[in-house]
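In the two assemblies presented below, subunit A is common to both, partnered first by subunit B and then by subunit C.
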Partner chain A sequence: MDKKIILRRIRHSRFMIVGAVVLVFILALSLLAPVVCQFDPEASSIAERLLPPEWLSHGMAGHILGTDELGRDVFTRLLYGARISIMIAVAVCCSAAVLGTALGLTAGYFGKKVDMVIMRAMEVIQAIPDIVLAICVLSLLGPSTLNLIIVLLIGRTPMFCRLARNNTLVYRNAEFVKASRSMGAGRAHIIFTQILPNITTPLIVQLSQAFGSNIMIESSLSFLGLGIQQPQPSWGNMIAAGRKFLATDPWVCFAPGVALMLIVLAFNFLGDGLRDVLDPKRT
Partner chain B sequence: MENLLEIKNLRVVYKTERATGQALNGMSITLKPGESLGLVGEAGAGKTTTALSILNLLPRAGHILEGEVLFHGKNVLKMSKKELQNMRGHQISMIFQNPLTSLNPVFTVGEQIEMVLRHHLHMKPKQAEERAKELLESVGIPAYRLHEYPVQFSGGMRQRVGIAAGIACNPELLIADEPTTALDVTIQAQILELMKLLQEQHKTSLLMITHNLGIISELCENVAVMYAGRVIEYGSVEEVFAHPSHPYTRGLLGALPDMEKNQERLTSIPGTVADAQNLPEGCRFHPRCEHCMEQCRSKQPYPIALNHRHMVECFMYEGGDGQ
Partner chain C sequence: MYFLRFVGKRILQTVIVLFFVSVIAFALIRIAPGNPATLLLPDNATEEQIQEKEAELGLDKPVVIQYLNYMGGVLRGDLGTSYNYQQPVTKVFFSRFPNTLRLTVAMMLICLACGIPLGIIAGIKQGTVIDFVAMIFALLGQSMSNVWLAVLNIYIFAVWLGWLPSVGVGGMEYLILPALTLGYPLSATTCRLGRSGMIDVLREDYITCTKAKGIPDYLVYCKYAFKNALIPIVTVVGSQFGLFLGGSVVVETIFSWSGIGQLLNQAIGNRDYELVQSSLLLIACMCAVVYLLIDIINALIDPRITLD
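This part shows the complex of A and B:
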């Protein structure tokens, strides 16, 4: 599609701009965490436990969002937690997108038995709820970042695979595919050059929404104690730790909760925005 | 002169779960270098199946039972994948019926023509772009439109792009599968003019598939009339159009409106096209034929030469008119 049209649509899509700005903000803060923060995210200091937020009254030197039950700075932990969540989300979603698309293209193009085997396997995975699958595997293999990534990757792949496969079916028998075959194109050329560029738009939209839901699931697992382990910060285990103090010191829970809500919302806005912007049928 | 293309007694069936359709039943044609042959027949007569067989590109359901397709004396049906891919687009190329769907919407027209050039002639990107510009100019599209996408072109323009890609490697044989069916009449004429011109310039052989008899008389030297998967009449265009001999060909020509006569109604051929899943015994055309004889019901007629430029498959000419 024409770049000019896409740029114009982006300018007119408020959702996408809001989503993108929020994401860039969160991403920049978390990447700059070592520069921005004065505190160690994992070092406890019992004397300073459960201090209420000081906001910006002491500038960056104060406990902007207060401290938790071990006296660790909540803001610092929030930013370091974001790093690990985003890193996992990027690793999982990108590899799931690549793997799912490859499987989907294979299933859709070759059809018949190949399609049967791949799609039935995907259905088996989808029949098990993500969380249940993760609980099973992580309690067997033990919680570690790598295991977490593997589990989430298994859970994320089917939706990319289905999407890629269904769109491949649409284009497999398109006349331009027949035409390029009659011009001497081989199988690899047809799959990767003729079909793939036609099915990327829905995959990009799916990818952006998968980021959001992936951060959500990763936080849920950390909340349940199966994901990122204390003292390493993660939004999920921060909420889990803070829930005992919800009535008396709510900031310990609220800060990661609000952050989680914001980032998921931002990714969904971006996804919706992308869908509209990249819609080839829009006039 | 050596034949460029020779199809011998080709039999193709389409097998689906429910039924078997006999698409080609002993199809034979020959094409000499530089010759233009029109293949005419109703829908379902096997025209497109013939074209796809030449490129060995039948869909999965299609099975070749017997016969051979010889291109330069080499059997296309027995070629390796590599040989086929080198032949397609390079020595034989095809122009498709619907220009609106035969170009990939995500690439510019230039990129699509360049792909062919780079694949077959191993051109460098710059070189390919130059050649693509020349090709576009030669089909009457200004070169600056090279970087535009197919959606920015009209149907007629896209068919010109299709033709440009088809002739990119100077193929020896160009197969045109109803290239003007999806276009309106004025554009049809332009596209036909263009094809005629290019064919004369490049000395390419042309296999023109159509159901439009006007196109055949305009563009071709020879014509093969197909019915139910067989060539039932073959000859030079003047000869066949002046003396149509098979009752089916006569019916086809009779169904055209005549400017000179004051006709109330057009004549039509009674009945419907033979059902490929349930072909009649003997001559496939006999249930619709007004001259049907006893032997037509049971025996398949064989080719009878009326003169050296005219062949017909009909028992009416047995012994008598022939040589």
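This part shows the complex of A and C:
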């Protein structure tokens, strides 16, 4: 599509701009966490436990969002937690997109038995709810960041695979593919230069939405104690720890909860915006 | 004819998928470190006692034989015994199932009562205030992780307003918060699907035609447009129904709701291998059957699907 049209559409897509700005802001803050924060995310200090946020009465200067039950600064932990959540989301979603697209292209292009084997495998994965699969694997093999990434990757791959396969089927017998086949083009050439460029748009939209849902699942697993382990901060385990103090000190839960909502909202805005911007049928 | 062939093919696919799920569930437990026999014996058990226990559990046989024995039992309706509860797995599983079913039905009711009507109305009244409100409702709902939504619900309704008990199992008042936690995000999704489906359908020529013929608006929307906007909703709502029949581990754990999800989480924690393995299989069975039903319902709504 013409770059000018895309740029013009982006300028008119308010949701997408808001999403992108929020994301860049969160990303910048979390990358700059060591500079922005004056505290250590894992250093506890019992004297300063459960301080309310700075702007409330009894708040202590410096602790913008207060402290948790071990006296650790909530804002600092929030930013360090964002780093690990975003890192896992990027690692999982990008590799799931690549793996899923490769499998989907193969299934869609070669069809028949190859298609059957790959698609049945995807159905097997989807028959087990992904959070259940994740819990089984993580508690049996032990929770570690690598295991977490692998198990989330397994759960995320089928949706990319299905999407890539269904779109490949549309183009496999298209006129231009037939033409280049009759001119002697090889399989690899057809798959990578004729079909792949035509199926990327829905995959990009799917990818941007997968980031948000991946961050949510990761936080659920960390909440259950199977993802990122204390004392390393993650939004899920911060909510889990703060839950005990919900009645008296709600900010310990609310800070990571609101952050979680904001980042997922931003990814969803971006995804919706991208779908509109890249829609070839739009006039 | 096409319909029967379609259904037959889908049933065959489901059986194949379930076979592989059973292999995976079986393998997962075997890969896990730790010997189930030692878990059942006191710490000071001798090597001889361990071997005896292994023989009793059939763990001394080759893996393939173990699998065949297990599947033989499954086909006869014997899903093994839970070490922890000292009861057949089916009994433990189905004693928890009504709670999960209750939660799932409540979730679906919320979705049917809020999500679908709101989405349909927003689609019809595109660009109005109602549409805007519905979109805010949907965008927020889709961004709520169930962990955060659960905590927020507990804070608002149990801590702040004090209207509802925060956790536990019991009457209606215990059901509301977990059902709301599961129901809101699902309502948000169906709201968006209903809206976009309705907008797409209302652009079709046949709708313009029915309108031009002077058929009243409500009939156009209810009879002609709604049915075609329904397919994506049936697919998504149905698959969520199937998934949640297996229990929502997170929500059930947070609200101490003793359903399948909590059972599974505890069983994994206790290394209750037969329970985990057979629960996985039962959950996957329910999911697969629901997926099958969705495809059949969709084929009934839109017969073109069977031609594929």
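Here, the second predicted complex is superposed on the first by the 276 of 283 C-alpha atoms of A that agree within 3 Å, B and C clash if a C-alpha of one lies under 4 Å from a C-alpha of the other, contacts with A are read in each partner's own complex, and residues count from 1 in each chain.
By our rule, a residue touches a chain if its C-beta (ideal position, glycine included) is under 8 Å from a C-beta of that chain, and two chains touch if they have at least 3 such contacts.
Predicted model only: the values in this text are computed from it and were never measured.
Undergrad: Overlay done on subunit A, so just call it for subunit B and subunit C: clash or fit.
TA: Subunit B and subunit C fit side by side in the superposed model.
Undergrad: Is A:198 contacted by the first partner subunit B, the second partner subunit C, both or neither?
TA: first
Undergrad: In the three-chain superposition, say which chain, subunit B or subunit C, touches more residues of subunit A.
TA: It is C that touches the greater number of subunit A residues.
Undergrad: Quick one: classify A:250 as touching subunit B (first), subunit C (second), both or neither.
TA: The answer is second: A:250 touches subunit C but not subunit B.
Undergrad: Regarding the shared-chain residue A:231, is it in contact with subunit B (first), subunit C (second), both, or neither?
TA: Neither: A:231 stays clear of subunit B and subunit C.
Undergrad: Of the two partner chains, subunit B (first) and subunit C (second), which one does A:120 touch, if any: first, second, both, or neither?
TA: Touch status of A:120: second partner only.
Undergrad: Applying the document's definition of touch, where does A:71 land relative to subunit B and subunit C: first, second, both, or neither?
TA: neither
Undergrad: So, does A:137 touch the first partner subunit B, the second partner subunit C, both, or neither?
TA: Touch partner of A:137: subunit C, not subunit B.
Undergrad: In the superposed arrangement, which partner chain does A:183 touch: subunit B (first), subunit C (second), both, or neither?
TA: A:183 sits against subunit B, while subunit C stays out of touch.
Undergrad: I'd like to know which partner A:53 touches here: subunit B for first, subunit C for second, both or neither.
TA: The answer is neither, since A:53 touches no partner chain.
Undergrad: Once the two structures are placed together by chain A, how many degrees is the angle at subunit A between subunit B and subunit C, based on Cα centres and rounded to a multiple of 10?
TA: Between subunit B and subunit C, as viewed from subunit A: 90 degrees.
Undergrad: Could you state the shortest Cα distance, in Å, between subunit B and subunit C after the structures are superposed?
TA: 14
Undergrad: Could you pull out which residues of subunit A sit against subunit B in one structure and against subunit C in the other?
TA: Shared contact residues on subunit A (touching subunit B in one complex, subunit C in the other): none at all.
Undergrad: Quick check: in the complex, which residue numbers of subunit A touch subunit C?
TA: These residues of subunit A touch subunit C: 120-121, 123-124, 127-129, 131-132, 135-137, 139-141, 212, 215-216, 219-220, 223-224, 236, 239-240, 243, 246-247, 250, 253-254, 256-257, 260-262, 264-265, 268-269.
Undergrad: How about subunit B: which of its residues touch subunit A in the complex?
TA: Its residues touching subunit A are 55, 57, 81, 84-90, 93-94, 96-98, 101-107, 115-116, 119-120, 149, 162, 165-166.
Undergrad: Which of the residues in subunit C come into contact with subunit A in the complex?
TA: Spelled out, the residues of subunit C in touch with subunit A are 13, 16-18, 20-21, 24, 28-29, 31-33, 139-140, 142-148, 151-152, 154-155, 159, 243, 246, 249-250, 253-254, 261, 264-265, 268-269, 276, 280, 283-284, 287-288, 291.
Undergrad: Taking the touch rule as given, give the residues of subunit A at its contact with subunit B in the complex, in rising order.
TA: 1-2, 174-176, 178-186, 189, 193-194, 197-198, 280
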